Each structure stands twice: as structure tokens, then as C-alpha cells.
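Both complexes below contain chain A, partnered by chain B and then by chain C.
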Partner chain A sequence: MSTTTFDPAALEQLQQQKSGRPWRKKPARFTASVTLAVVIPALLVAALFLTSDIPVPILLVVIYLPLQLIASGIAAWATKGTRGIADSVIIVNAIGASLFSIVVLVSVIGSLVVRGLRALSPHFLFQNSVYISPSTPLDYGGIGHSLVGTLLIVFIASLISVPIGIATAVYITEVRGRAVPYVRFFVQAMSGVPSVVAGLFILTIVVATGAFNQSAFAGGLAYAILMLPTVARTAEEVLKLVPDDLRTGALALGSTRARTVLRVVIPAARTGIITAVILGVARVIGETAPLLLAAGNNDQTVLNPFGSPISSVPTYIFNNVALPYPDAVARAWGSALVLIILVAILFTLARVLGRGRVGR
Partner chain B sequence: MSTTEFEGVMELDIEGIEQSALHQVSPTEMETRDLSVWFGRRKVLEGVNISFPKQTVTALIGPSGCGKSTFIRTLNRLHELIPGAALAGSVLYEGKDIYDADVDPVHIRLKVGMVFQKPNPFPSMTIRGNVLSGLKLSGMKRDNHDDIVEQTLTAAGLWAEVKDRLGSAAGDLSGGQQQRLVIARALAVQPHVLLMDEPCSALDPASTLKIEETIRELSKEITIIIVTHNMQQAVRVSDYTAFFLAEEGTPGHVVEQGATTEIFGNPQQQRTLDYVNGRFG
Partner chain C sequence: MADVSQMGRRDLQSAATSHRGDRVFTRTVAGAAFTSLAVLAGIALFLGFQAIPAFQSQGLSFITTTGWDINTNPPTVGIFGMLYGSVLLAFVGLVIAVPASILLAIFMVFISPPRLSKILTNLIDLMAAIPSVILGLWAFYILNPTAEEWQVLLNKYLGWIPIFENTSGNFLGTPFIAGFVLAIMMIPIITAVTREVLSRTPPDLINASEALGCSLWTMLRYVALPYGRGGVVGGIMLGLGRALGETIAVFFVLKLVYETNWDKIIESGGGSVATLIVSRFGEVSGPSELQLLLAAGFFLFIMTLVVNVIANLIVSRTGRLQK
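Here is the complex of A and B:
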């Protein structure tokens, strides 16, 4: 082999090079067969849709999906031979399944928007429902009191369940004490508690004993019971992801175990722990039964978390959606839309908070 | 001068020579006595007796799985964190057994620092934060944090590269820089002994050279114990070498130890000769 050296004369030619993605090039035969495999089933189903009265879901699931599978299989066989068929079956199914979940999500949001948008207005968000009856037109009143109630209750629930949940996760992953299997078992069992049972529990031991009224605090306690297992289990998972190198690294610097957990392990898992909190909030924010029992209902805006029954968005929806007045039903749908937007805002907020990186 | 006087002087001199031979050049900082180590019921190290003189570099060499890393972790009591770990014999630091009931492992780890095989800077902290993390984590009070950051990063050979971006995330540094950062972090708590477990195994030759220079420089102040698979590195950086070996199914033990020049130049055991010449392991 001879030695080659860099040739300056070739430089100009090299500088003319254009960047591309050669791995994306496909033979014409591939493009043609894939196009046919996509177009033919779609056209067939469209024709059936226009000429017959087979219901759309059956058309899609019973006719379109198998047809698409077969067409993709043929296309794959034509371009890659038999080994392409299994590939295409998996890909078509994966795309189909993800499309299905997107369709479900979009239709849920769509139905909320269609039925609830009519109720939305600034006063709907900020006014309460004092002097408002189910038959009052949408020009008056709102769910400000329920929004405040939901936020207050979720805040109280987080205040209780987040520290306990994280502490539980720390016990399981960091302390690794003898009771770990039992703690884990109970956390797991707790995540199976039906929400109505949590509400009943708080109703009996907090409200019925006269310790507290139906209130944001009692509702928060019920929510905390439901949030705790989600927070604890998610936090456990993310703490487990923190590499042991960091723990031994901290200990080797003369750190105590407590400082290692507080200053190294938890900060390293910060994003994940924030996710744990969001998942906990998302788990409870729409729960209705515990609040019907523990928090009650109110048309006024209540800010005192201990004093009196308080409204919340889920209970507001529950109380209005089945009424025989179109405007009340519209308010319920509007509230549901607001609730889903609220969850979206909380998620975004948490993502932004969690993204904050070290340094500038 | 009478004969008796003369004899007295002679005797004294001989004792002096014997003592210096016994204690080598400098007094002992750390030593292990009949140290044996288990994981569960499996004995991984047997009867290790090594002494580490103050302000010297000792290299621990030997094939993978012979217990070098396990050994080094017994010296700062990290070994005990592994479930099922057990130990017999003693590890003396400044003449006192670090496994005595009244010894707090946190104090030992402050005096006996460690640098690991894989760089492990704390991802949630800045470069500066990482250097000072030892002070925060151990609750040690030292003034002039700016000086500490500059001194330790200079000692670790990283200052010039990072002095303008002390506030950026430690994870943004390259592997070699991260390793020098964790060396600086270990130095900030002013340890007397620094354990290094294959500190250069993941680094390129240039970074390796920088770290070796750092080791030579540091050994003027502190005692360094380094595990390495790189024979040339052992020769370049160490004053003393201990050769570990775990033969087929038996626990690891020290085959031969002594001055590095002796171990590499004139080993007494055939196995040592074979190993340092790369004939096995």
C-alpha cells in the first residue's frame, strides 16, 4: 500500500460538495409499490363508504385495516422479499395503533370543544355561581369558585402527599431498610384503593367525627390518599435511575447518607421527581367521588381551607351535566374543557420547571 | 576516645540503619494487616499486608478480578456499603484501626479521598459547585472558596481550560476533563491519602499524561494509592508496587511487593516477571 498525502488541488472540488442523506434514497420500485399499497386500500374503502351504508367503525376496523395489512405485505414482498412481510405487518400495526390513540385523544378533546366552547367566556372563568340557577342563561355566572376550590384542594393534597411520597421512595431506594418489602407492598395496595373509598374514609374519620367540616382540607386529605402511591412509585422509579456512582462519589467525599440523598441524589433526579408530582396531580384532579363526600358543594367562592364546604370542578360537572337545562349542561361541558386545559397548563408548567439546567 | 565509647557509637549507628531500612524512607501513613475480604461466603482477598509510606505513590497491579478494586475500597470503608460484604484483619490509618467501633466512616473518607474508574461529577452542580461539593457534603468549613477552586483545579491540571466557565454544567466537560474535575473535587477537602481506581482507563493518552503529571505533583503532599492495568503507567508514576493475583478459584493475594524499580526490574517471583512482561493477565 502506498502512502497518500493531502492534495491541495482537490480542495476546491471538495468544497463544492453538497450534503445529502444517501440512506434515504429509495429505488423507484419501492416508492411505486408503497404508494400503491397506501392508495388502493384507501380508495377501495372510500368507494365502499360512498356506495354502501356499512357503519364507519366497521368499515375501518373490519375492512380497511386487514386490507391495508395485506396491501403492505404485498408491497413489502415485492420490494424486499419474504423477510419484508413481517416487518411491514409490525410497522402497519404500530402506525395503526398510534393513529388509533391519537384519534381517541383528538375526539375526546373535540367533543369537549364542540359542547363546551359555547359556555366559555371571561366571566365563566372568574365569576362564581351565587344567584345562578340551572336555568340562568350563559351570559351570567361562572366556575371561578370551582376552579379556586380544585386548585386549593390539589395544593393541599400535594402539600401532604409529595413529601410523604418522596420520603417513601427515599426509604425504599436509599435507606433500604428491612421494612422495604412491606412498605412497597402497602404502597402498591394503596394504589388500588377506589377513589370513593378514600372519600368515605375521610368522611368517616374526619368529617363524621366532627374534627373538620366538609372542606378543602378534608377533600385534600382524600386526594392525598389517592396521590400518595402514584408519587411514591414514580419517585421510586426515578431515584433508582440515579447511578450508584454518584452515591459512592458523594460518600467518598465524606458525606453523610442524609446529605448524599438531599444534595446529590434528589437534585440528580429532579426532573423525574417533578414528573412524579405531575402524574400524582393528573391522577386525582378529575376524581369526583372523594370530593362529593369530603369537600361537599358550594356556590360561593371559599378561600378558607378549613371552614366550609367548597366547590370543585369535577363536582360542578357532576352536579350540572345531568340537569334538564341546556345551559347547565353547556356549563358542565365548558367546565370539563377548562379542567383539561388546566391539566395541560400544569403539565407545561412542570415541564418548564423541570427543564431548568445547571449553569447558564 | 576509648574503645567502649567507640563501640557505643557503632551500635547506635547500626540501630539507625536498621530502623531506616525497616521504616523505609518516610513513616507509614496507612497499612493493612492480614486483611481478608468476603462477598457473602466467597472470599475474594486473603492475608493482604501492605504498608503505604507517607507522600509516596503505590501502584496496585494484577489481572482483572484479583481484588485490587475491592482492596482499595476497604481503605476508605466504601467496601462495607455492598450488601453481604465482610472483612477480617485490620486497616491502620496513622496507627489506628479504621474499623474500630468508635471510628466514624465519614471521618475516614474525609482523610482518605477517592477517584473512581468512571468520572462521576454531580450532574446537578456547576463545575465550581462540583469542586466545592465535598465541603458542602461533609459540612467542612473552609474560607476563600474562590482560592480553593483555583488551587485544586490548578493542581488537577484543569484550571486553564475551565477558568472562564466555572458556572457551566459539569456534564458539558469531556471525559478527561471530568476526571480531572473529580480529582480537584477530592482535593478540596484536603485528604491525606488519595485512592485512585484505574483513573485513566477511560481516557485518551493526552488526558492520561496530564493526570499522571498531576499524580506526581500531588505525591509531594499526599499519599497516593493507584490501581492500574497499565504497566508503563505504574512505572511512570509509582514509587512502590504491589502485585495482586487470584489463581483459579482461590482468593486474591499479594504475590510480590516492593519498590517499583525492583518489581519491574528484578522481580523475585516468576509469576511477577511473567505478568509485568505481559505474558499473562
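Here is the complex of A and C:
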């Protein structure tokens, strides 16, 4: 009986088939059918594209996708039998979904670079827009005032939201009071507040009551509402990573609870907390609606955080997008490129710092 | 003094907090921890308070009718079309984003080689980081002409289906385009949550299903997807919350009309509460109109709060089951 004899070679073959890397050592028949299943529909559709004038969306959705599904189905059936067909449908659609997302992303980033570079120049970053009308050529004017405004607003928002966010995280991980689940719940609920509602809220309490104008301070308050949940949740994750030995060690040395947190736990999590702040800033820096409502707009460089309306990069983009002047639109693309570069720098910083923490 | 060895953890904790500085510290931290509650309550109270006069002048018709006529006295205003429009846009977005995100997550967890999934994860994170004003700019100049072409084709070949009717011949500013932009914003959120729960499927279950002869599809159908269902639903709700509150990107691609567009998704014109607020705010005629906008903001807040709370409850419950 074959079942009684132990055949190491057969076992090895079985293990190879079920190994964690099933793409290694494919049989020739598999490679051939997959290649055919990929090449034939692509060639057919390419031929149709060149010879007929069927619109591209129809070509892709109505002809290529079903063709690819059928071809992959046949290939799967040839190599794995009928159960392979459902798998091939999933795989083809999953690859399609991934390609779709990549195409969208490349289109967004690519268009930013292609259309934004024209406006970029040193004076675009440093000059403000006084005396600049939408039809002024790109040789003059820039977004210096908006960059200053964004920095000021983000700085004010950080001043408010970072201490509160860290305190919230400290309450959850260090104080561990009875209300921890509720605090967590409210922080999560707060992260869902639409940005326009945050702007309206600040508008009602700060601007409409007459306490302040539309200003960097009001904009910073609105940003702080949006930043707080991100800072609190990231800081919570980070404080959880601080080893308990440090806490008990500090307490055993006679340190008070407050001193333990302020002198031991938070310094130990320093890089992580910086990451939390950076992520919070990256989360809000492109928000437009709250600033339209709470910070207003201005062509001049404003340094006073309380007095007057102030410009920011997102509101600058917003005001220039739909203008019927090519140079104004080019300015919008240019400042969008600057904004996405800022966001990318922030995320890279957060990632690099985060990696350092894990590596230690 | 009691024997130290008999002191429980709680006693040690109370011993540690008996210091006066510590009491101040604990109270300060606890106070700060409730800022989020204070802000939520503040938003509800302040906007709700402002909504009262709007309700007094408009009655229930404020949320059951559609229109924005500020010149009559009292102004006749209703935001039903806007509330409905927000839901319609989010629904169109979900129809596109949910299958795409789940397939994307399946691809990243079960199909692609690890190195490729890592790259894809970074790309999806990058997609989540694109500010909505930039997405609006892109949609206005790059997506609009392409989407117009798609919609003309949809109308030409599927126009007999009521939702693909278009009588005006104008294919810009449609709920479809706005929903598509919302889908691009939801895909990273839904994908991230789905990827997370799918990758937490216990490997034992996957190995067992493979040992029983499951193919990829049967494994997904009977093991991974049922296991991660709660998380996937929660992720979808989180995406929905984001879509309902989205303002700026929709502002650029949707033609805001003050009538209810029930189901004509490729007909120009639709509604969105968040966009209504921003677009009316620029030319607000006086305090009474501002009050109406604040009332609209109140309903937007309540709508997104409910969706988000449900989403978070679902996500946290699945998280607990898995631990």
C-alpha cells in the first residue's frame, strides 16, 4: 500500500506547494497559461484601440475587463480546475482596484507637479499679494503672506492643542482614572467633527460675540479642535510603549506621581510625542473650511494674531482656483504644490522619528 | 502602619497620590482630559442655541422642505435637499469606494508579495494625506473633463435607467463627480481599517482552511471576511462620516441647487449641507441668514456625530472580540 510507505520526496513536494511562498517554483504550465491570459486580452484591446474609435472608457470597462476575466478564468481552470475560477475573478478585480488607486494618486501628484512648477520661484515663496490682481503675470507676487499665516495659525493651534492632547493621553495611560473609557470615547467622537462645523463653532463663540475679529487666533482655535484628537490618540499610543519599569523605578526612588510623569515618562517618550505633534499638524495644515469661516482672507502679510483677518495657503488656493485668469490658476496650482510638499515633509519627519523609536 | 506586604495595588496608588502636588496634577490632567467632552457639548449647545430662532421662524419646514429665499419676510428656507444631497453624494461615493477598498485590502493582505504591499500601504497613506482643497483643485481641472466623457457614455448607453437620465445636456457639477471625489477620500480610510482587520485573521484559521482544501475565494468567504466583518463595517461608517462632513472638494465639483435632486446622479446640480454653509457664507446678507447657516451646521454636526459614534462602537467592539 502506498499509504504505509513514507516518501520524503513526495512530502517535500507537498510542502513546497503549501509553503508560505507559493509563487516560487511555478510549474511551466502555470507560467504559460498566466502569461497567455495576460498577453492575449491586452493585445486584442490594443488592436481595437488602434483600429477602431471605440471610446477608451468603454474599451476598458466593457471590453477589456470582461475579456481579462474570461482569459484568467480559463487559465485558472486549466491549472487549478473549477475552484480556481472564483480566485481568478477576485485576483483580477483586486489588481484592477489597486491600479485604479495608483492611477488616481499619480494623476493628482503628477498634475500638481506639472502645473504647479510653472508658478514656483523664489519670489513666489517670499512676496505677498498686495498690488497683485488675478490678471497680474507670474513675475510678481507670491504666497509669502499665506505661508506666514499658515505658520502662525498652526503655531497657535499647537500651543493650545498639544498640552491638552498630551494631558488627555496622560490621563488615559498614567492616571488611569475611572473615566478612561468615556474620555477615549469623547476623543474619538471629537475626531469625527467636520472641519466646517469646527469653523462655525469658533465663529459663533469668538467672532460673533465680538470678542475677536476673524484672525489667526480664531483660525488657530478652529484648527486646535481638529488637531486635538490626533495628538491625544497618537500620544496615548506612544505613552503606552514606555516600559513600566521606568514608572515603578521612579516611584521607588521616592518621586511623586507628577514628577514621574513630567520628568521620566514624558521625556522617555519624547520622540514619539514629537511625532504625535507632527501628525496633528499634518492632519490640519490643509484644512480650508474652518479658516474661510474663522480666519478670513487678506492680501497683506499679517503678524498680529488678534487684530485682522489673515491669509493662509489653503484659503489662498481656494480663492484662486476658479478664477478666469490662467495666471491666477497657475498660482493656485503652485501653492497647492507647496502645500503638498509641506505635508509630505511633515509625514516623512513623523515616519523617520517613529522608526527611530521602534528601533531603540 | 500596616504591613507593606499586605498593601494592595490600589493602596499603593492612593499612597502615591496622597501628595498634595500630585492631587493638583491629577485634577489638572483629568480636567484637560474632559476638554473633548466640553468641546463637543459646546458645539452642540452653541450651534443648537443658534438653531432655535431658525426653527421659530421656519418651523419644521426648515428640515422638510428645500429652498433658500432670503428676500421674503420671514425668509423661506429649507435644507432638506441639502441633507438628502449629502447622503446621496456619500452613497454614490460608497458604491465606488467600498468594493474598491475591500478588493484593495484583500490584494494587500492575501495576494501581493509583502514588498509590494508595503509600497501600496505607503501610497494609500499618501492618498489619505492629500488635503481636500488640493483634491478639489485636481477634480475641477483634471477629473471634470474625463468624468464628463464617462457620464455622456453612461447616459448614451444606460440612459433608460432612471438614475442615468440627463435632460439638461449639462454633465458638469453632477452628484456623480462629487461622489467620485468623496470615494477617493474614503478609499484610504476604508482600506486602512479593512487591511488591519483582515491581517489580524488568526493564521491558524487560514492554515486550517487551506488544509481543508479552501481556495482563496472560499477562505475569504468563510474565514477572513466573516472574521473581519465588524471592522469592515466600522471602517465604512468612518468613511461615511468623513464624506458627510466634506466641504471644500465638493464645493468645486458640485453645482449647488436649492431643490431636491432625488436620484439623477449624472444630472447637473445637487445638494450638500457642508458646501451650502461655505458657499452661502461668502455672501451672507445679515445676522439672520448667518443664524440659518449655523442651524444647518447644527444638523450637519448631529448627523456626523451619530454616524461616527456608531462607527466607533462597531470598530471598538470588534477590536475587543479579537483580543
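One rule holds for everything that comes next: the second predicted complex is superposed on the first by the 235 of 360 C-alpha atoms of A that agree within 3 Å, B and C clash if a C-alpha of one lies under 4 Å from a C-alpha of the other, contacts with A are read in each partner's own complex, and residues count from 1 in each chain.
Keep in mind that, in the parts below, a contact is a pair of C-beta atoms (placed from the backbone, for glycine too) under 8 Å apart; a residue touches a chain by one contact, two chains touch by 3 or more.
In this text, all values refer to a predicted model and were calculated from it rather than measured experimentally.
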Note to self: After the superposition on A, what does A:211 contact: first (chain B), second (chain C), both or neither?
What the structure shows: neither
Review point. Touching A:318, do we find chain B (first), chain C (second), both, or neither?
Key: second
Between chain B and chain C, whom does A:285 touch in the aligned arrangement: first, second, both, or neither? second
*asked:* A:243 in the overlay: touching chain B, chain C, both, or neither? Say first, second, both or neither.
replied: first
**Prompt:** Between chain B (first) and chain C (second), which, if any, makes contact with A:103: first, second, both or neither?
**Reply:** neither
Exercise for review: Tell me which partner A:39 touches in the superposition: chain B (first), chain C (second), both or neither.
Suggested key: neither
Practice item. Would you check which partner chain A:125 touches, where first means chain B only, second means chain C only, and both and neither mean what they say? Key: neither
### Task
In the overlay, answer first, second, both or neither for which of chain B and chain C A:194 touches.
second
Between chain B and chain C, more residues of chain A are touched by C
Practice task
Could you tell me if A:164 is touching chain B, chain C, both of them or neither one (first, second, both, neither)?
Solution key: second
Overlap of the chain B and chain C interfaces on chain A comprises residues 251, 256, 259
Chain A partner, complex, touching residues on chain B are 76, 78, 81, 106-107, 109-110, 113-114, 116, 118, 120, 122-126, 129, 133-134, 136-140, 167-172, 182, 185-186, 189
So, in the complex, the side of chain A touching chain B is made of residues 243, 245-246, 248-256, 259-260, 263-264, 267-268, 270, 357-360
Note: in the complex, chain C contacts chain A through residues 16-17, 19, 21-22, 24-26, 28-30, 32-37, 39-40, 42-43, 46-47, 50, 99-101, 103-104, 106-108, 111-113, 120, 123-127, 129-138, 140-142, 149-150, 153, 157, 184, 187, 210, 215-218, 220, 238, 241-242, 244-248, 252, 274, 277-278, 281-282, 290, 293-294, 297, 300-301, 304-305, 307-309, 311-312
So, in the complex, the side of chain A touching chain C is made of residues 18, 23, 55, 57-58, 80, 83-84, 86-87, 89-91, 93-98, 100-102, 104-105, 107-108, 111-112, 115, 163-164, 167-168, 170-172, 174-175, 177, 179, 182-183, 185-198, 200-201, 203-205, 208, 225, 228-229, 232, 251, 256-259, 261, 282, 285-289, 292-293, 314, 317-318, 321-322, 329, 332-333, 336, 339-340, 343-344, 347
